[in-house]
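Below you'll find the structures, each written out as structure tokens.
Two complexes are shown next, each including chain A; its partner changes from chain B in the first to chain C in the second.
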Partner chain A sequence: MTTHTSTIETVDKKAGGREANLGLWLTLPTQLLVVFIAVFPILMQLYISLTDWSPLDGIQWWRAWELWNTFANYTDLAADSQFWGAVGRTFLIMAICVPVEFLLGLGLAILFVDNFPGRKILYSVLLVPMMVVPAVAGYMFYMLFQSGGPVNDLLSIFVGYPVRIAWLSDPTLALFAIIVADIWQWTPLMFLVLLAGLVGVPEDQQQAATLLGASWTRRFFTIVLPRMKAIIIIALAIRVIENFKIFDTLFIMTNGGPGVATETISVYIYKITQQDLIWGYVAAIALAILIVLSLVSVFAIKLIASKEQAS
Partner chain B sequence: MQRTLLFETFRFSIIFLIIALTLVPTLWMVSMAFKPIQEWSASGGDLTWWPKNPTLDNFRFIFGESSSELIVALERGAGRPILASLLSATFGTLIAMVAGTTAAYGLSRFNSGRNLPLALIQLRLFPPMAVMIPVMIMWAFLGLTDTWWGLALIYGIVTLPFAFWLMKTFFDDMPREIEDAALVEGCSRFRVFLKITLPMMRPALASSALFVFILNWSDYLIALLLTTRDWVTIPVYMASLSSSMTGQLYGAKAALGLIAAIPPVVMGIAIQKHLVRGLTFGALKE
Partner chain C sequence: MTQITLENLGKNFGSFTALAGMNLTIADGEFVALLGPSGCGKSTTMNMVAGMLQPSTGSISFDGRDMGNVPMARRGVGFVFQNYAIFTHMTVRENLAYGPKAQGMGSAEVTKRVEEIASLLQLGSMLDRRSGGLSVNILQRLAIGRSAIVEPAIFLLDEPLSNVDAAFRAVMRTELKQLQRQFKQTMVYVTHDQLEAMTMADRIAVMDHGKLLQVGTPLEVYNNPADTFVARFIGSPGMNLIDGEISKSDKTTMVDLKQFGSFGPVPDAVLGKLKSSDGKVIFGFRPEMVELDSNGSLKMPVNFVERIGARTLLHLGDPDDSIKITVSNHEPVPKQGEVAQFTIPPQAARYFDPQTGNVLRGEA
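Presenting the complex of A and B:
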């Protein structure tokens, strides 16, 4: 990257300060958009989160101080069992989905490393689920899991008598259906990223190890996997981040129900935003999540950076 | 891995099993889209995997023509929601690409905006749900609620991190000799960017734009919160496809779902080569 800068720098000196500002101008629109969507809204959110403000109160948001309640929203949050239930469910879904997607994706990627007839077309077909609009995938799985739908139809063939399970009305089965939909849609992403990583592992070492008589499993665990560490971390991080936000498919399939059986953090926030309209409280939840996520991300980035320096 | 017959059999059976699991949900929707109402309604009795009497009725129905005595025509057809999705996703992509490309070039060549890579990743990290209260208030204040341009603006910001990171890696990869040569000949830096760099980057720009478009087109939550009636997008509109007589209009939903699903799948396959780069914020190039 640094090899070609010398010419540019000399030219820069010739052109003087006039063009040195160009970089600032080029980055300005993005900087403004970041301020517009991050800095200002977060300050506004902080302010509203300290009040009982709701859009139904008939007063503008900047006059929310009239409903000042200091930290009441935050103490309510600590005692809100429905919220903590949603947090637990979000992590439960993540704890099942992400490892399953990872193992399936890795297994498939291993099968796709070397060339075979039809590889290209099968590869494209495997990627289809992740490109289907998530909301549409939600409707697809909603239809599949109806009591008169194809999932029960297939089960009937296997067990030999008609099965009429109401998947989406049972708390446990609804959670299962949602997890199936997520795994269906996002295993391809793991597959795609991990395959790119596997293909990138240089072959010379592996060939040397093969000549020395190392078995495939041994080569995989001692040569391939360690070299894929960074990619595995990236793949897992992407899915953890995205799975944490899980909303579209889930909301369409179950609406968070039956009861609160599939209510995740996003669904809970959506419900109190749209149905209960207690925005002061929503702002407090949202801000608390933002703070926790920022701390976690800063910590994670520092950890990864220090590991990279060490290796 | 050794290429034994046993292994090849194993490989193909696993792959075909997974392909079948991958395709069944999609094909079920395709099949539903072409079934007449008697075959998909809840009271329809027997379920068939393929339509017995394939028909385009579902497609006609969502565009406002009722061809069945069982359901009355829709109050609002799907034409407008499709237009809303198209306009908001297209202009959202435009905003993200213009801001992202210029900023990426500024960082890659002038080293300005060094805060942006991390700031934009953080923007992506946050669940949209967690910043939507201020956004809803701001959008209402600015008169942007329930408009396609309001959606386009927020889409542009939400997908800006992808546009920026993708273009940054493309600019970093680009050899600078040509730019250098043009500079030596006396072109201004901005002219070089407009007349030399951008035309050279056309394939990269196209792939990034398609990637960003897919993301914008796929949104559900933001449109659910920011549109109410006039400019609802396809996924939001789909919820209204039900009737008191028959309940959920599966056939109509499947037909519209199919229309919504086709563009991103086609585009995604077209830019396959760059998907990894886009999804990993350029950390991994294929």
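Presenting the complex of A and C:
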């Protein structure tokens, strides 16, 4: 008996090893593709970011080592006031847009949890901005905020005399216009995600709380919100990451201007890529941003995991 | 500790009638089980008592006070949900303290009540555990404790044992009954399991298709079912029902059961109630009310013998709609293919109207 079993085991092990090998071979093309898609660009960036390479130098990118400058790009970046200005504006836009989008989205989601006449139509209407191509949204708000545009005309009706505010030429108002456009376009996403979360809060737990005498507010803060924590973190993380990359609407509306008043990281990168052509430096910025965003994501994922463990 | 009165209570969902014309008075401190198959309207009734649903017709009153405009938060109803609806993101203590806090009690009072209820329900050792990973019997006690802590006038339990396995159910039935004795509250218990209803309830309300069919103590409902539905639904297996025809001879009136023989005499009280002129009647008897007797007037072929321990269950007659009788193992049991011959004590026979299904009262 013993010999029998051991033979079978050896055979099985061999077969298992062969199977594992076969599996490796079969998945190899896909694995290589993944490596090519994910790893190669990052390694290339890292390589370029350590050189002074520019397309104007007339040498191929793989020979960029001839222009090796170690961490000079990174030290330049640390001292680049235009870059830090762009970072500051990016965070300012984020600090206003994300909380406003969150609160509006949550408010709408609360309204849409219960059925009411016309809910389905309104629901579809509310999701439209999200589906508009950002460049088109940019054009729309560019047009709306012209000094002779609809926003000023509407204001004129309210105040009773012609208003001619140059929204997009004033540094503060331009920023305001861009924030309005972003909130218009991305509140629906927040609404959609939060509504899904809100619907997922167990009905019977809310009823149990009601039967125990809890008011709506108490239920909301003790049952609904704690149960939505994971999805709230996801929604905020999505918008923080997306908002950090804000570019298309903004570029069409103000081109980063007036001056650098609405210049965000993405606009700055665009400018140094297309106008200054210092690609080694661009690579350094790109990597720095990638690292920051990855840290944000890791932080969010850890937060969600801990919430899930808790509940 | 409240009397509940349901008057002509009804509920429609669109064109679907979930409940109609329900009249029931539940006495102070009574344990009433609403029993019926899925979709019979028992949960609908319960949800209306709790205030989660608005009645379409009729009224609900607690101690004579109409509840029509009282929102569910103010009805003083404790509700134990089918899956307990425990706040799993909170600790056991936070769960228990939820009601008192929501009702604005001071923190000293809340602590005192939590300690009291926890010791009563033996939850003291796990007060600071997260309620998410607790076992089902603890969750059940916690659900009851969370409702009991605010001293509700009424306890409503919606199939609280349907999620646990059979062995555990027996333990929990006893536990639940003991808890009711401790709290002395009016309890309404919804279930589709007749065993739960029979063992725990003071009275059972049997429902089907949105109608209340019979209310009575477990034994009343068992022994004297009001109609054929209750007769079949209560008991495991349910009451045997056979189509028969009244046949009068010179001396006695018998019920003719065709190939199965005949039974009689049929009491005059039954004959008086019989409305249809064709003499058709449904004859019923409980499986265990049978005595094997070689001179018995009832004869049926045995098509299956099921041994269930102390007793043996015989399936007789038509295999698709068989008559079931239970007999003791101590006497010789007819084998499959043989013919079982038996009698029924006259007081065990029941007669039903074939048109309405209602019982023709004639019990001895």
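Basically, the second predicted complex is superposed on the first by the 268 of 311 C-alpha atoms of A that agree within 3 Å, B and C clash if a C-alpha of one lies under 4 Å from a C-alpha of the other, contacts with A are read in each partner's own complex, and residues count from 1 in each chain.
Everything below uses one rule, namely that a contact is a pair of C-beta atoms (placed from the backbone, for glycine too) under 8 Å apart; a residue touches a chain by one contact, two chains touch by 3 or more.
Note that the structure is predicted; figures quoted are calculated from it, not measured.
Room for both chain B and chain C is found when the two structures are superposed via chain A, with no clash between them. In the overlay built on the shared chain, the residue A:A95 is in contact with neither chain B nor chain C. Using the contact criterion defined above for the overlaid structures, shared-chain residue A:G197 touches chain B, although it does not reach chain C.
With both complexes superposed, B is the one of chain B and chain C in contact with more chain A residues.
Touch criterion met: A:M143 reaches chain B, while chain C stays clear of it.
When the two complexes are overlaid on their common chain A, residue A:T222 makes contact with chain C while staying clear of chain B.
In the superposition on chain A, contact of A:V292 is made with neither chain B nor chain C. When the shared chain is aligned, chain C comes close enough to touch A:A208, but chain B does not. Across the superposed structures, the minimum distance from chain B to chain C, using CA atoms, reads 9 Å. Common to the chain B-facing and chain C-facing surfaces of chain A is no residue whatsoever.
Chain C meets chain A in the complex at residues 50, 52, 72-75, 77-79, 81-83, 85-89, 98-99, 102-103, 130, 132, 146-147, 150. By the touch rule above, chain A contacts chain C in their complex via residues 202, 204-205, 207-215, 218, 222-223, 226-227, 310-311. Chain B makes touch with chain A in their complex at residues 1-2, 8, 11, 14-15, 18-19, 21-26, 28-29, 32, 42, 47, 49, 98-100, 102-103, 105-107, 109-113, 116, 118-138, 154, 156-157, 160, 164, 172, 175-177, 179-180, 183-184, 188-190, 193, 214, 217-218, 220-221, 224-225, 234-235, 238-239, 250, 253-254, 257, 260-261, 264-265, 267-269, 272, 275-276, 279-280, 283-284, 286.
By the touch criterion given at the top, residues 1, 4, 7-8, 11, 15, 19-20, 22-27, 29-31, 33-34, 36-38, 40-42, 44-45, 48, 55, 61, 104, 107-108, 110-111, 113-114, 116, 122-137, 139-141, 143-144, 148-150, 153, 184, 188-189, 192-193, 196-197, 199-200, 216, 230-231, 234-235, 238, 241, 244-245, 247-248, 251-252, 265-266, 269-270, 273-274, 279, 282-283, 285-287, 289-290, 293-294, 297, 301 of chain A touch chain B in their complex.
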